[in-house]
Amino acid sequence: MDLTLSPSEEAFRDELRAWLADNHPGEDPPDDDAAFEHRRVWQKKLYDAGYAGFSWPKEYGGRGATLIEQALFGEEMARAKAPSPANVLGMVMGGPVVIAHGDDTQKERWLKPILTGDEIWCQGFSEPESGSDLASLKTRAVKSNGEWVVTGQKVWTTYAHKAKWCMLVARTDQDAQKHAGLTYFIMDMEQEEVQVRPLRQITGEAEFNELFIEEARIPDENVVGGVGNGWTVAITTLMHERAGLGASAAAGMRIALNELGELARERGVTDDPVIRQRLAQLAIEVELLRLNAWRGLTAIMKTGIPGPEGSVVKWQWGELNQSLTELAVDILGEDGALWDSPWTYRFLRSRANSIEGGTTEILKNIVAERVLGLPKLR
Amino acid sequence: MDLTLSPSEEAFRDELRAWLADNHPGEDPPDDDAAFEHRRVWQKKLYDAGYAGFSWPKEYGGRGATLIEQALFGEEMARAKAPSPANVLGMVMGGPVVIAHGDDTQKERWLKPILTGDEIWCQGFSEPESGSDLASLKTRAVKSNGEWVVTGQKVWTTYAHKAKWCMLVARTDQDAQKHAGLTYFIMDMEQEEVQVRPLRQITGEAEFNELFIEEARIPDENVVGGVGNGWTVAITTLMHERAGLGASAAAGMRIALNELGELARERGVTDDPVIRQRLAQLAIEVELLRLNAWRGLTAIMKTGIPGPEGSVVKWQWGELNQSLTELAVDILGEDGALWDSPWTYRFLRSRANSIEGGTTEILKNIVAERVLGLPKLR
Amino acid sequence: MNFDFSDDQQAIKRTAKDLLAARFTLDRVRELAEGRRYDETAWTELCELGWPGIFVSEDNGGQGLGIVELVILMEELGYALAPVPFLSTASAGLALELAGSDEQRERWLPGISSGELRATAGLESNGEARLVPDADAAELIVLLSRDGGRVLERSQAEVEPLETIDATRHFARVRGEGGEPLEGDTSAALDRIVTAIAAELTGVCQRTMEMAVEYARDRKQFGRPIGAYQAVAHRCAQMLLETEGARSASYYAGWTADAEPESMPQAASMAKAYASDAGWRVTASALQVHGGIGFTWEHDLHFFLKRAKADGILFGSAGSHRERVAELSGLAAEPAPA
Amino acid sequence: MNFDFSDDQQAIKRTAKDLLAARFTLDRVRELAEGRRYDETAWTELCELGWPGIFVSEDNGGQGLGIVELVILMEELGYALAPVPFLSTASAGLALELAGSDEQRERWLPGISSGELRATAGLESNGEARLVPDADAAELIVLLSRDGGRVLERSQAEVEPLETIDATRHFARVRGEGGEPLEGDTSAALDRIVTAIAAELTGVCQRTMEMAVEYARDRKQFGRPIGAYQAVAHRCAQMLLETEGARSASYYAGWTADAEPESMPQAASMAKAYASDAGWRVTASALQVHGGIGFTWEHDLHFFLKRAKADGILFGSAGSHRERVAELSGLAAEPAPA
């Protein structure tokens, strides 16, 4: 057991930290379009410095970083409060899927513009009728004259209005068993048959979109992983998403905790024993999130496979962020009701943490079945 | 809405309170057998004063009390910390079942000795393999020469070693659907074919017993409610058990809360804000238990039927008693680990509150299905 | 001993429910909330029915009914999430009715009861009231604390309108010197105000529980209604437990106000503490049951969730009312001197 | 960066697990607990293996290993619920190792490391230590507080044996004047002791979680294993979360003791606070999963449940360690002067 960084890891972290100090783009501007441009510029800057697609193999333009380096990268980005780069979904999900399941032509076509940010990617998995139940997707793709004609509706799609490509899972075989009839496509968003409607949240923002797809066209060469294998390909995507979460989520929570401590001092409640107990409990849980994430990483390094541990970290993080923002709003007293307060925003936003990226109920199912080996739930 | 007592209700309560002040038998002696005799004497005293079988119709030797009077009776008994009379199961479950489902001969034979305490009753529902799942009972009764021959095992039987009669549910039809093949018997405990083994609990006591039944005999006239109707008869018993719980459980919790306040004062922790918040929360929940119980009673008076509300009160009481005794043990600090402390006993004993008389999981199922109308759980 | 409403009270409840359902469909509530407006027409109608003065004596233009009747109206207003200035008006009325002199009551209560005088009340602490409903539109602002109160004309008050999370109600921050003192029992007034808020929270809980249960019956995942999964079903059962708890607590507090005032201070703080927690937990649970759709602006749930949070904060948090319960109950009192 | 044990540490863990499983079947644990006895033969064997001195320097008869190795042993001792006087002996050893003078270490540590000297340590407050493991059988009793400590011979101490809920461990209350002062860092010793207890709680959590999961797989109700119901399955998932949390916290605290002592005070209190809560919640949850059978004396679960509760109390409750985290973390510190 050695929880210190090796000299080379430390050198990497210091280099990155210094680079971030010099190159941090500042906060997003308030306007949505401007914010997006800001993040696109940031993406390009990361690319130019060799930090985009950090975990990708070198042959595909990445840096072939170790898991530790990836975790450090996530931590440092969170620590510096760097904005998320415009093409985060392309880098975290799209690229890895193409690398794992795509053919050479696909890799040649898609990978580089993901890293440069020239082509933004979005994700089209969820549908209104199938939230947690991915296998019940209804969006249909029918082959006609060598191309696929797609009709359906998708939801919770980030940056859909900015995206060139959409990772789309659609049903290509109506008769097959639920999982079996799905196929993974890369759909061109630049066609009129795909309409994007922003989806406003309870916070007032529209982070997400709905997609209305009416006979959109996808050429056959945009199928990834073969027709009928969409389920397997999609699961790979989601596993990558959850496994990478830990260290940077923990670093983000550490920052939030410090901000909360600052708030408690400002409001003069630091000698209230009830507040102290709650703050300390949060401090403990933030630390445990970090330690659990690193323990998970050690396990992955040993086995080579991201396991179900990512589900525990995601679940833990969601509950923790909800408790933390609840305490902030409690400390604010009557000001906790103010709409324009950053803490109130975070408090409301946190209600999605137990839903997005796998509901807590589904994550507990996964832990029960796959970690503990309990019988499949009925 | 009138939450005061009517003059006649108040008179009844005052009379009972005065009687209890004069006749309270004192605490149970420590020895188990002596404690039982103490409770048997107490039963007789209640009978002589006309308080035994208080809710039973007058024609069967009861007092035909209103629901309000029954609730007041429970409150006053709890308030006075009166011991539970020796034949409580006979009075709360056995008698009402015989009155509701028995024939005249059965009523003639069994009811009076229940009230006097001359014949103690126990309950044989649960089995090791069927805790919450009553319909899966395995104890078998086979008819042979006009009598029933019973073989099986029962568990969680209070006072089995003192009882003359056992309310026994056994399977009389192996081929019928689970619920359908059950029959409700009154079994004579005074036969060698029934062996009683005390079941020690984590508190060190043996409140309960196991019954080992090896070809015990039950005459046909001891079937209650008809062969094959055991399920319905048993459910009546359980509904009566839960409906009656509210007011006296709330009164008991009120006393426990006061004792907890006393403990907090003794230990000098009443100015600790964390303790104050926990005490206040308990005070609120104790009050709500009382109010919910009375609201439930109002509903029963209106509809005439004990509804599923009893499940809410039972669930609420179990959680509340667990929280209350946990706070007591926390206040005790290092003395909370002492085996001979009454609070430690109550703390350990409270772990059964979410299991006995319907597990919290089952009670929540009942609330979800029967109160909220959610689909049957699978 | 009877926990049921009288026939008259039941009639009030039924009428209120039906009327509010007709005037405040969820589409209408949304329209008003998004415009940050009240429904003045409906408000006039409620005033004509005598709602603002329901607990005010007939001599002063009220209906001469009790706090139980106020509790009934508040529960239904919460259930409907009606954007009308009822709470502010009733709070001012309670302050004057309980803590005002005869002269003050005669001067102001008739206007408040008829709805002609716009008035409100807020909890003052350290020289300001940080969250006062409808203060910007009020002609009369009552600032209350447990120790006393005073009545300010609008012109005497510095009023800063606030945009809060609860778009179905308007708020402002109020400062101001002077005003006319209220020399009666302001604590009694505050107890009634928080009881009213607890009742409103009960209605909010009831409504969002119904929404969650309905959704859990309809929404299918993995081939069956999500309400058939214990994780969802038990969550709904917990919502019922807390909703019924808030209801018992606010009904009881209302009853003590009318029939057993010596029990009211504790009953009121118990109701506000419990209902504040329940309000947040039940509405947040309803959101979780709904999943993603519950997090969207286009679903109506969030208006209730935000009302619940704001109500929980208003006139004292759960924690502050628990502290008051600890005091009043004598549970955490110092040991008596030996 | 590597959270895994070294090969040597893994060997220690494996050996400990196998040995304890062989010596302490649950039947054997029950027999000892019901007789309120320790297994002296097995204890001699553990002493011969050098367990009591695992962290003691070789010069003083120990193995010269670290706190991580102690954590490994404690976790396995908790998992096995082995009734042996290990915690008391190790606590005394830690107190002397960390807070003793060279002379004191040389005088006592060799005997403690070999098991020849029976010793213990307790947390003193207001002139007494209310819960000291194995004090009655100890020749040497160390009383510790955050400010200092002292070593008493058995004859100097007033020892009152206690019967506690934890039948697998013996306790006594200790008072006594005088003794030989410990002038070193008693706080560092206490940090290591509570880390050891957190590790033991991790083992207790792990074992009872395994028991619950196994039961949930086997036990059928309504025609299927109870582990197929979400209420049970999600409860088990929660047990995993808390067990892994206790493990991360105690491993980390152990590592800081050896490699980053400046982080140890906070890490130790975090571990004790979290593991104390987790210990109780996980074991109580395991009981609930078992239903009635889990409440019987004849089932082994309650021995673990009671150990968890006693461990949670020993050397400071969760609440008191959280308060220490609040202090040490600087989170709840007063604002720096402007």
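We just call them A, B, C and D in the order they show up, numbering each chain from 1.
We adopt the following convention: a residue touches a chain if its C-beta (ideal position, glycine included) is under 8 Å from a C-beta of that chain, and two chains touch if they have at least 3 such contacts.
As the structure is a prediction and not an experimental result, all values here were calculated from the model.
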item	value
Label of the chain whose CA centroid is most distant from the centroid of chain D	C
Comparison of B-C and B-D by number of C-beta pairs in contact, larger one	B-C
Length of the line joining the C-alpha centres of chain A and chain D, rounded to whole Å	39
Intercentroid distance (Cα basis), chain B paired with chain A, Å	53
Junction residues of chain B - those touching two or more other chains	273-274, 277, 361, 364, 377-378
Per-residue multi-chain contacts in chain D, two or more chains	229-232, 234, 319
Residue ranges of chain D in contact with chain A within the complex	1-6, 9, 68, 213, 216-217, 224-225, 227-230, 232-234, 236-238, 240-241, 244-245, 248-249, 251-252, 255, 259-260, 267, 270, 273-274, 319, 322-323, 325-326, 329-335
In the complex with chain D, residue positions of chain C that touch it	229-231, 234
Residues of chain B defined as touching chain D within the complex	126, 128, 130-133, 136, 155-156, 199-202, 204, 274, 329-330, 333-340, 344, 348, 351-352, 354-356, 359-361, 364, 377
Contacting residues of chain A [partner chain B, same complex]	272-274, 277, 378
Touching residues on chain C, where the partner in the complex is chain A	130-131, 162-166, 171, 221-223, 229, 231-232, 284, 287-288, 291-298, 302, 305-306, 309-310, 313-314, 317, 319
